[in-house]
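So, here's a batch of structures to check.
Next come two complexes, and both contain subunit A; in the first it sits with subunit B, in the second with subunit C.
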Partner chain A sequence: MTSHRFAFIGKRIVQTIPLLLVVLVAVFSMLKLVPGDPARQVAGPRASEAQIAVVREQLGLNESLPAQFFGYLSRIVHGDLGMTANGALHVSDVIRQNAPVTALVLSITIVFTALIAIPLAMLASHRPNGVIDRGLQVMATFGVGIPTFWMGIVLLAVVALPTGAFPTGGWGDTFAEQLRASTLPALALSISVAPILFASLRSSIIEVKRSDYYTAARAAGVEGSRLIRKFVLRNAAVPPIALLAALTTILLSGVVVVEATFGLPGLGQTLVEGAKKRDFNVVQGLTLLFTVCVVGVNLLGDVLIAIVDPRVELS
Partner chain B sequence: MTEQALMEVMTAAANPRRGASRLRLLDPALIGAVLIAALIVLALVAPMVSGHDPALNNLAQRLQPPSGQHWFGTDQFGRDLFTRVFVAARIDLLLGLLGALIPAVIGIGLGCAAGYFGRWVGTIVLRLADVIQSFPNYILVIALVLLLGPGPKSFLVGAAISAWVTYARLVRGVVLRIRSNDYIAAAQAAGLGHRRVLTRHVLPNALPQAIVYGASDLVLSLGFLCSLSYLGLGVQPPAIEWGQIIAEGQTFLRTQWWISIAPGLAIIYVGIAVRLIAVGMERRTTE
Partner chain C sequence: MKLSTRASLGTAALLLCAATVMTACGGGGAGNTNAGNELRVGRTGSIDGMSGDSCLGPASIQTMPMIYGSLLVNTPDGQGITGGLASDFKYDDKALTYTLPIRPEAKFSNGSAVTANDVVFSINEWRKGTVGGGYYEMIKGASAIDEHTVRIDLKRPDTFLPALLTWCTSTVYPANYAGSSPEEFFKKPIGAGPYQVDSWQNPGASEQITLSKNPNFYIPQKPSVDKIVITSSTDSAQQTLAYQSGQLDVIEQIGADDAPNVPSAEVIKSKPSQSMDLFLNKRRPVLADERVRQAISLAVNRADIATIQDGFVTAAVGVIPTNVPNSVAGSNPQRFDLDAAKKLMAEANPGPVNVTLAFEGGSSTVSNVANLIRDQLGKIGVTVTLRPSDSATIYDFGKSGDYDILMSTVTAISPTAFDPIGFLVVAWYPWTGSDMSVIQPEYTRGISTFDDAAKNAAVAAIQDDATKQSTLVGLYNQVAAYAVKPYVKGINPLPYRMWDAAQVQIERTGSA
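Showing the complex of A and B:
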């Protein structure tokens, strides 16, 4: 890597800091936006005035706004996201406990998505606008319109229930059980994500194949898998990598839904349950976590582009 | 970037092969419009057609399979599913449309402002868009549910906050492109005010693309609404809604799978119809 690339990456990291700060302010403001008295909301409907006063003190609501924000910031830096509404658990522990479920489902989803989208995009771009290409495009168009939760239910009805090969809900103790429990949710999710990756990759492969350097490489005798790997996929990967952050938001939204469909004890379920029980710290903590993930992946995408793209604009 | 990829997926069938496009016996926009119109009519008359009240419990008839009396079967309270699925279209179509329309108006407005006035207005809008796009939209709405409570209000506010971004980026791009054209400079030189230039010259050029995207966004909006209701955070009973019927039916998936399947097919039906309209419009704007 040249020093230009390092400078570009460094600049992007610095540019991310203000965005992260604004996101933090936004998540922090959630508490301020609660209609009525936030302390009363957090304490719950049956709390006495004294209990509400305690909660108000705990939330630091008696201090000035900037002081509250910096207090919030310093707690986050120390990994303290507060307690759950019933006061029994640290939100950070709940997250630590449930995160592996979501992480496994997302990982398998990414593998499935790549396995579906990459070969099909290569197939479709072989003859642009040919019969296969058009067929695949129409399939992608319909695939993206199928609601993820409904796809999950169809998989439950068509695969899990008749064959008994996959559980219809719940997690598992061993890794093998957990893999099995994650397979169908991941498949349901990748069916709605793969079309987006497919469409992006398909058009970028077609563009690469029309380019001069591809013609030059072929004329120079580069062939077979080397041609595909070094010239086609590497160059064609740039637009899909630029999509990474957007795909991440879709994946994180989708995983919330499939976790509900398959009854998986992951972060999505924690979030939904938290919202239903009006558990403020849980929802705030998870909103922050998910959003920081998106910002992080966005940055990662830019860094990847700087590494992968031979023509990266270093401005 | 997202918008481009999404647009591409959504309107993939929009670029027909040469020759095929000359055979325009069937306009996709027209087919789509007819499909939607048929659904709206059925949504309004379904109780009369089936002769069942969508909200009437009949425990003697609970969990019946599809039959001559109950075309889609019945649910766990013995309510007629055919009637419920079509009556649900009323709420789903209305809220789905609003979930796309409200952000469209906001986004087109902000996009015009960002592109036309440029400089710091543009910068503010784009930075705001960056922040909004860092929040996955489901997570944003679930956080809103905490503030506003479950229901259509959270969905609509969430859509208004999150979905305008794409419209704004799209419209800003178009406005930037046409602003450099001579006729805008000529119009300004002729003494036309900002408002007149915007409404007479800029907006009519920026609108077609936004409308085509809007059709795709409508599909996303509907899926979003149904997902939220499925999670129990969107439309609440006794209102009848597809996502909710699917969630209720999931309990009986082993034996009465049709309960959850029918509303999902309805969602896909709307998706196909709306996308046909988008394809038709896309063809018109590209010509």
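Showing the complex of A and C:
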């Protein structure tokens, strides 16, 4: 990687700092607007006003809003995401425990998505607007339209329950169990993501096949897998890579849904539970993490495009 | 041979798929039917932490006693209190003391004996608690009389303490947390309950708690189940599927929505207890007139509402949960009488009555009840706008007074009607702007005596006061229901939304 690329990456990382600040301010403000007193939530419905006042003091809710925000910011800078509202756990510990679940589900989803979308895009682009192409486009439209939770329920009812090959929920202790537990959620998620990648890749491949360099390569006798890998997929990959950021957002929101449907102890579930319990530190910590993920994937996409297509300048 | 990056990625993808297929075909693990002496329990909700002080929700109420035990416990029928880690209790109403003899055979899971010093340390920790500390304000101090006897000194006469000692906030810890910091201790606590914590994975909405038998539990031959694995999920339908597939042996707190998906013979219920009530905000001008509130109470057809959850609820006649000791009806029970309601509305002549009804919208059953109430109140000219919310917001509305009518639950977690009444005294009576002149002295009277007749009289007076003020309107009392596989024996749900894990056995025959 050239020094030019390093400079670009460094510049982009610095540029993300104001973005993260904006996100933190927005999330902090929104959480303050949401009805529901976190102190009462922690103290419980039976707590007297005196008890609630003590909890409020402990949570720092008596301080002014700017003081609360800058206190939180100062802790983040020192790598401290705070404690869960009931004081039982560090938020960073909660994230550390639950992140591998989400990471595995998303990894398998990406593999499934690629395995579904790439061959089908190649098949569809073989004869554009042919019967197979049109059929696959209709299927892709359905795929995008199917709600992830519904697909999850169908997979549970049609695959997990009758066959017993996959668990209907939960995680597991061994990697094999966790792989099994992640398979159907990843499949449900990839069924809604793969059509987007399919559509993008199909168009790109068709465009590449109409290009002069493709014709020239064929005329020069390049054939088979070399033609596909070197000339078609490499050039067709640029638009789908540019889609990465959008797909990441879809994946992160989709994983919240499949984790609930399949009872997986991932970050999505943790976020939902944190919001329900008015656990501000958990919600803020996870939002920050998700933002960093989206920004990171955006950056990765830019770098990948530059690697795949040398004509693209990083600037 | 050097593989290219693409080839490596492709190979990895193929291996991952192959591994997935092989593990799926291979069986074993999370998807399997459990065949050992292990109980797999599902629930929708997570614990609030391992500290007694943070014990609030149903998941904690069930789990904490499994780990820590408690000084006193509920009797198997849930209608009384008996010895736990303390074999008994003695109340001296002159000296204002309780004396608790600790069982010599009571031991923590690490093998050390439960001593009076441990109990005194624990009581002092309860009193210092941020969340639960206020519950113990009647205690002046605690001291060890000898190695196995504890004396609790009271500030005033109090007969509620034995019930409080069954609560999950009253957990017994080893003195000084066995040399650990509280933070370290609560990561892997040591308790004297029937089970010890093996692991607490992924704390939160989909957590898994693995408990193994405490070899030092004070009841001989108990518990009989070697291991309990508790899995949480936010989705009750997912829990039901896991139960159907054999992945779970028990589902805690199964609702009327999910019960049809479980064989009816496998649904075990407590007696109806948890009370669902309407809370009418007297501070709202439209509800300030007692006759309007009484008309609303009379217009609610509780029998019709009960049919929505047939077999899971009974129509209420008061606001205190039923099937709890001393929970008696008043002389003027709440009832349905549409003609009387219309007559009262005509007398009050309040003009247009437009109110909002806030309720927990996450439950389809509760939403159906809210819709039915809207229709029923429409018959007396009350226009109801539904305001679905979540539980956190419901309590916030209640406290802030930003509501007209709220629908929420009142639950007993120990065998005395004064447990939920205490909740009404600190929460819903002040939040509705109700007159406290009856409930406050009757509550004090009820928790100052062991005389059942006096306690019953106090409860009846409170029920009659609720009917008269009609700021609190009882709707129905709900069972605590559990889905339990036929080979699991001994799950005996109490009205307090808990079951005694020490009594459970697994009796498999053949391939069950």
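Definition applied: the second predicted complex is superposed on the first by the 236 of 315 C-alpha atoms of A that agree within 3 Å, B and C clash if a C-alpha of one lies under 4 Å from a C-alpha of the other, contacts with A are read in each partner's own complex, and residues count from 1 in each chain.
Convention: contacts are C-beta pairs under 8 Å (C-beta built on N, C-alpha and C of every residue); 3 or more make two chains touch, one makes a residue touch a chain.
Computed from a prediction, not measured in an experiment: that's the story for all the values here.
Asks: Figure out whether A:D173 sits in contact with subunit B (first) or subunit C (second), or with both, or with neither.
Replies: second
Asks: Between subunit B (first) and subunit C (second), which does A:A306 come into contact with in this model arrangement: first, second, both, or neither?
Replies: A:A306 contacts neither subunit B nor subunit C.
Asks: Contacts for A:L161 in the overlay, against subunit B (first) and subunit C (second): which applies, first, second, both or neither?
Replies: A:L161 sits against subunit B and subunit C alike.
Asks: Touch test for A:V144: subunit B only (first), subunit C only (second), both, or neither?
Replies: Only subunit B is touched by A:V144; subunit C is not.
Asks: Between subunit B (first) and subunit C (second), which, if any, makes contact with A:K276: first, second, both or neither?
Replies: In the superposition, A:K276 touches subunit B and subunit C alike.
Asks: Examine A:A194 and indicate which partner it touches, taking first as subunit B and second as subunit C; both and neither are also allowed.
Replies: It touches nothing on subunit B or subunit C.
Asks: For A:V208 in the superposed arrangement: first (subunit B), second (subunit C), both or neither?
Replies: neither
Asks: Quick one: classify A:S253 as touching subunit B (first), subunit C (second), both or neither.
Replies: Only subunit B is touched by A:S253; subunit C is not.
Asks: Contacts for A:A237 in the overlay, against subunit B (first) and subunit C (second): which applies, first, second, both or neither?
Replies: Neither: A:A237 stays clear of subunit B and subunit C.
Asks: Between subunit B and subunit C, which residues of subunit A are contacted by each of them?
Replies: Dual-contact residues (subunit A): 35, 153, 156-157, 161, 168, 260-261, 272, 274, 276, 278.
Asks: Over in the complex, which subunit A residues touch subunit B? Could you list them?
Replies: 19, 22-23, 26, 30, 33-35, 129, 134, 137-138, 140-142, 144-150, 153-154, 156-157, 161, 168, 195-196, 198-200, 203, 239, 242-243, 245-246, 248-250, 252-254, 256-257, 260-261, 271-272, 274-276, 278, 280, 283-284, 286-287, 290-291, 294-295, 298
Asks: Within the complex, which stretch of subunit C touches subunit A?
Replies: 6, 13, 16-17, 19-20, 23-33, 46, 48-51, 54, 56, 130-131, 133-135, 186, 201-208, 231-235, 237-239, 241-242, 244-247, 389-390, 392-393, 395-397, 399, 422-423, 426-427
Asks: What part of subunit A is in contact with subunit C in the complex they form?
Replies: Residues of subunit A touching subunit C: 35-37, 40-48, 50-51, 54-55, 58, 84, 86-89, 94, 97-98, 101, 108, 111, 114-115, 153, 156-157, 160-161, 164-174, 176-177, 179-181, 183, 229, 259-266, 269-270, 272-274, 276-278.
Asks: What does subunit B use to touch subunit A in their complex?
Replies: Listed in rising order, the residues are 1-2, 5-6, 8-13, 15, 17, 127, 130-131, 133-140, 142-143, 145-148, 150, 219, 223, 226-227, 230-233, 243, 246, 250, 253-254, 257, 260-261, 263-264, 267-268, 271-272, 275.
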